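Listed next: structures, encoded as structure tokens.
The two complexes that follow have chain A in common; it is paired with chain B in the first and with chain C in the second.
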Partner chain A sequence: MRRAGAGRAGLLAAAGLLPFAAVVVLFLLIPTVVVVVGALSDDGRPSLSGLTAFGDPTVLRAFARSTWLSASTAAIGAVVGALVAYAVATGAPDGVLRRVVTSACGVLAQFGGVTLAFAFIATLGVSGVVTLWLRDALGVDVFANGVWLFDMPGLVLVYTFFQVPLMVIVFLPALDGVRPQWREATVTLGGSTWQYWRHVGGPLLAPAFGGSALLLFANAMSAYATAAALVSQGAPIVPLQIRAALTSEVLLGRADLGQTLALGMVVVVVAVMVAQALLQRRTSRWVAGSAR
Partner chain B sequence: MSGRSRLQVLRWVVLALAAAFFLVPLLAMLDFSTRTPTGGRSGEDWAALLDSPPLVRAILASVQLAALTAVAVIALLLPTMLLVTLRLPWARRTVELLCLLPLAVPAIVVVVGIAPVYAWVTYLLGGSSLTLVFAYVVLALPFAHRALDAGLRSIDVLTLVEAARSLGARWPTVLLRVLLPNLRGAVLSAAFLTVALVLGEFTFASLLSYDTLPVAINAVGKRDAGVSVAASLASLLVAFVLLLALSLLPGPGERARRRGRLRPSPTFRSPR
Partner chain C sequence: MRRSTLRAAAALGAGAVLLATAACAPPEREQDAASSDAAAATSAEDLGGMDALVEAAEAEGELNVIALPPDWANYGAIIEAFEAEYDITVNSDQPDAASQDEIDTAKRLAGGDRAPDVFDLGQAVALANTDMFAPYQVATWDTIPDAFKEPTGLWVNDYGGNMSIGYDSAKVPAPTAVADLLEPEYRGAVALNGDPTQAGAAFAGVVMASLGSGGSADDLAPGVELFRQLKAAGNFLPVDPTPATIASGQTPVVIDWDYLNAAQTAQLPTWEVVVPAGAVTASYYHQAINADAPHPAAARLWQEFLFSDEGQNLWLAGGARPVRAEAMVEAGTIDEEAWSALPAVEGEPVLLTPEQSDAGAQQLASTWAQAVS
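Moving on, here comes the complex of A and B:
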């Protein structure tokens, strides 16, 4: 009797989750399923024919370029971002510096998008401020070998502008978890600064560093806005190929290509995120676990 | 001591280099958007932000959309998370996972698959750019969840609710006059992050052909880069001010410290 009442109340409470579930299903899960099913079917029947797109040299080159762009900006971002994060973490935890740096990093890393492309058009575009200054003051023509800002080198430069700040944001908590006692213990045992980083600090932070770098990789892989605003001609990377497939009106059946490309992207990003989650678990065993 | 001062020097060198790398483009934007071909200064590009009808329309659309999304995501997520905390602890992991999922599925992938869903949305609600609110609520879930989760962990929801209920408060009173004031910081932070997200979102708006601010910035930039640069700098500054204001709000820990409690007691956290 009592149990049935509790069961009914439990069901009623669970029904309260419906609005949330409906929004997530309609606007996140269904679109993802549409992509996966669409990429793996042809005229409503299961088929792998869509996957032949991965044999197309243009598509392969786009995936190679996307991977290279993500890997190089993740590497630069991880190293530079970790240094900046360290410089911030060694300051006052409630200081002005830290507040300003984390706020600025939050803006650039998460909400920049199109605006970052225009930041670099203003700086290093054909009539950019720095371009003109270098030409007039130093006689250096940065575009002597062609205008690289709107191609891969430009994408690498602009992507570091949001990758470094993202690293600062995701790596700061790990650095905050470093306890002064570890350093003190090393010094008490006669260890040098080098030995501390080589045998204590480095190994403890390595999983967090690796996990953050993977997050940066996935972030660059899925980024669209900055590249779309910067590159209006051609489609060197996967997200821009998807744009071309979606907006192309001349070729019928390009929507299928969009789904196939999107599936390829999901596979890469999900694989990277799973690896990241595994590393994160390893990190929390030490860095956050020490607080327990 | 020498190791310490060397560290200080290294620290400031790193910070100065980073500041230079990040400030040069921002200063260049200011210079670019105020210069004239003859070498003088003019505020024309900035005035265009409020003069040019398509830009003004786009700014208004983005501001409305930002406000609507912030309200919607909190109205959707806060009751859900309270329900999970109070009645459905078994659903906690699932809700958290679903909220973090938008970080794992790239926005451009969702756009590819969302056409059938948006065909229905347009059919039922019309083609206003405000219908983007549904897609944006999903995009905002990771940020809003993190903010609200931190807030819920810093108070003892169960005790507050039981105390209020046993004193005869009805559920709306519990929600609006007991829980909400205690969660003000978390709710504000979820709202600010959502606003910053919506003001900058480009992928959905551009590929679903809605004229929001970032889409307009991109379109104007094809003809007049100066105006787009001015608009870009302005929206970066707005987002920065929002986030800085957020970091100045007293966090849950700070409030406890001010009350003289050094650290929250272990029971003051909801079990994970």
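Moving on, here comes the complex of A and C:
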């Protein structure tokens, strides 16, 4: 940072940060502290008794399911999204394909929550348009073995719907950073396509790919409204367990459990985001360097 | 919207901030002498009779109710009738809120003019919060069976119903017992109104399933097992049933209170309701006055109205069983047409004690999620 014009200008610059800092403190710092303090105290005294919840099989199953859901949709999203992004990146820079795909992904990556859940209920629900068409026109009953849309398989399908476009958005810049000259250099030196990907393209893109996949994982882990609108039985994943702890009219006084579960999610997401930040740093190093 | 954990945490934090603000004492409302008399009255006689109660209530001019959906047990008509009879405006707050929300709102708004005057609560929430209620005995107190009221009048059961199976007779055969639902004709058809670890109605649905499968009020395991089998057979439909899903045919079989199921026949004429024989479980709601009611006289007049023949018949017209039904049948004051339209019941209904409810809820907390997902 340059120190020229320090003093007044520096103060002004700092003042410009104030609104951002206020938002971060209000909506990020305070709530996190509230959750952590709440989970680690009992009647206002520091206590680890809340953490015994992590020994409850129901809670452990919810974390296992959440992790499985996040990992599988992140894996599907990362692979499919990367392929789409590759197709876009190798196309014409101002082509129709690129413009259509990037703007569609921009919309679809944010098309989550209740809207998405109802879109799937209307198309693939019990009396959804596609379900009825498949049954009447092709004789295929998609729910022959039970209605899976409102359970874990349904969540995987619906989550994938917003994971793929998000992957395209976050992975495309890394692919754009790949110079055609590197490919040409490999070929000039007698390298095959396989060798190019094995020794040049792959290693260069790996950190960006891994970082994007981790972002997808965190995205799925923390998604709530989509699952809340879709799943009404059993609260299979952690965000739904938190809802149950806060709103149940059958099991009362479990707000503490909600905070403990939230703490568990904060820990998982923080770990993932730290790993993502480390990978991102490696990526930006060569992307910035190659931009010259 | 999908929310990040941190944003979800922000919501929790904002809630905490709200609570903290609420904890700072709000400006005390001014109470005139009549109101403070009413706040201590445990019957209309304490205020000098019904006329004096009406006068005090109309002087207050307003009544705050909460969590009373207009299409639930006929509450829309009940509120209209009360407003027509007395010069009092009813402010209906958060009609779709749950029982716990009623208590939370009363605590948050305590001391203010907008706090709820009266509660209509599920059993668990009512029994956990009796220190917030004001004891009051309505004029018809003696005709309410002892099992349905707290001896001093802290709470009184107001209306209830039996667990039932509602079904679209155009799509599925008529079930007579809970176990019938395991038949292949019910594939992908059986919905339960909510998650039984969260919603009272769904909890009672599992109790019904238990009673119908050899279980008892003390052991809900057979009920959970029945739903596990329904799930394994592909018959269980994990959709939250609503009037919309029933009308559109997405949920051809719904396990819910008979008064909620019966209300669906109006929009879907082929919708039938059956209370399975030998698996009858009933539950009544708990009516109570907020001890810190901003309109104490109106709150008491509302009770008098609800437990009068007129109020009880209005609930009955909505398909619910009013608590004074038997006394009214004897006295000949019941709405005969509505009374005979209720689904037939074979056998004595099983009512869970608070201890049994607690134990059952704990049992479901550790077994339900695994059974159905």
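Simple rule for what comes next: the second predicted complex is superposed on the first by the 264 of 292 C-alpha atoms of A that agree within 3 Å, B and C clash if a C-alpha of one lies under 4 Å from a C-alpha of the other, contacts with A are read in each partner's own complex, and residues count from 1 in each chain.
The rule we apply is simple: contacts are C-beta pairs under 8 Å (C-beta built on N, C-alpha and C of every residue); 3 or more make two chains touch, one makes a residue touch a chain.
What you are looking at is a predicted structure, and each value in this text was computed from that prediction instead of being measured.
Student: Is A:S248 touching the first partner chain B, the second partner chain C, both, or neither of them?
Tutor: second
Student: Name the contact category of A:V100: first (chain B only), second (chain C only), both, or neither.
Tutor: first
Student: Name the contact category of A:L48: first (chain B only), second (chain C only), both, or neither.
Tutor: Neither: A:L48 stays clear of chain B and chain C.
Student: Considering only touches as defined above, state whether A:F118 meets chain B (first), chain C (second), both or neither.
Tutor: first
Student: Classify the contacts of A:A87 with the two partner chains as first (chain B alone), second (chain C alone), both, or neither.
Tutor: A:A87: touches chain B, not chain C.
Student: Return first, second, both or neither, reflecting whether A:S232 touches chain B, chain C, both chains, or no partner chain.
Tutor: both
Student: Residues of chain A touched by chain B versus by chain C: which partner has the larger set?
Tutor: B
Student: In the superposed arrangement, does A:L28 touch chain B (first), chain C (second), both or neither?
Tutor: both
Student: List the residues of chain A that touch chain B in one complex and chain C in the other.
Tutor: 26-28, 30-32, 34-35, 112-114, 125, 218, 221-222, 224-225, 232, 239, 242, 247, 258-259, 262, 265-266, 269
Student: Once bound in the complex, which stretches of chain C touch chain A?
Tutor: Per the stated touch rule, the residues are 1-14, 16-17, 98-100, 122, 124-125, 128, 188, 192, 194-200, 203, 231, 234, 236-240, 248-251, 357, 361-362, 364-366, 368-373.
Student: Mind listing the chain A positions that touch chain B in their complex?
Tutor: Those in contact with chain B are residues 10, 13-14, 16-17, 19-20, 23-24, 26-28, 30-35, 38, 80, 83-84, 86-88, 90-91, 97, 99-100, 102-104, 106-108, 110-116, 118-123, 125, 128-130, 161, 164-165, 193, 218, 221-222, 224-225, 228-229, 232, 239, 242-243, 246-247, 258-259, 262, 265-266, 269-270, 273.
Student: Along chain B, where are the residues that touch chain A in the complex?
Tutor: Against chain A, chain B makes touches at 3, 7, 10-12, 14-15, 18, 21-22, 24-29, 31-33, 76-77, 79-80, 83-84, 87-88, 91, 95, 98, 101-117, 134-135, 137-138, 141, 143, 196-197, 199-203, 206-207, 214, 217-218, 221-222, 225, 228-229, 232-233, 235-236, 239-240, 243-244, 246-248.
Student: Could you pull out which chain A residues touch chain C in their complex?
Tutor: Residues 26-28, 30-32, 34-35, 56-58, 61-62, 112-114, 125-127, 143-147, 150-152, 162, 218-219, 221-226, 231-236, 239, 242, 244, 247-253, 258-259, 262, 265-266, 269.
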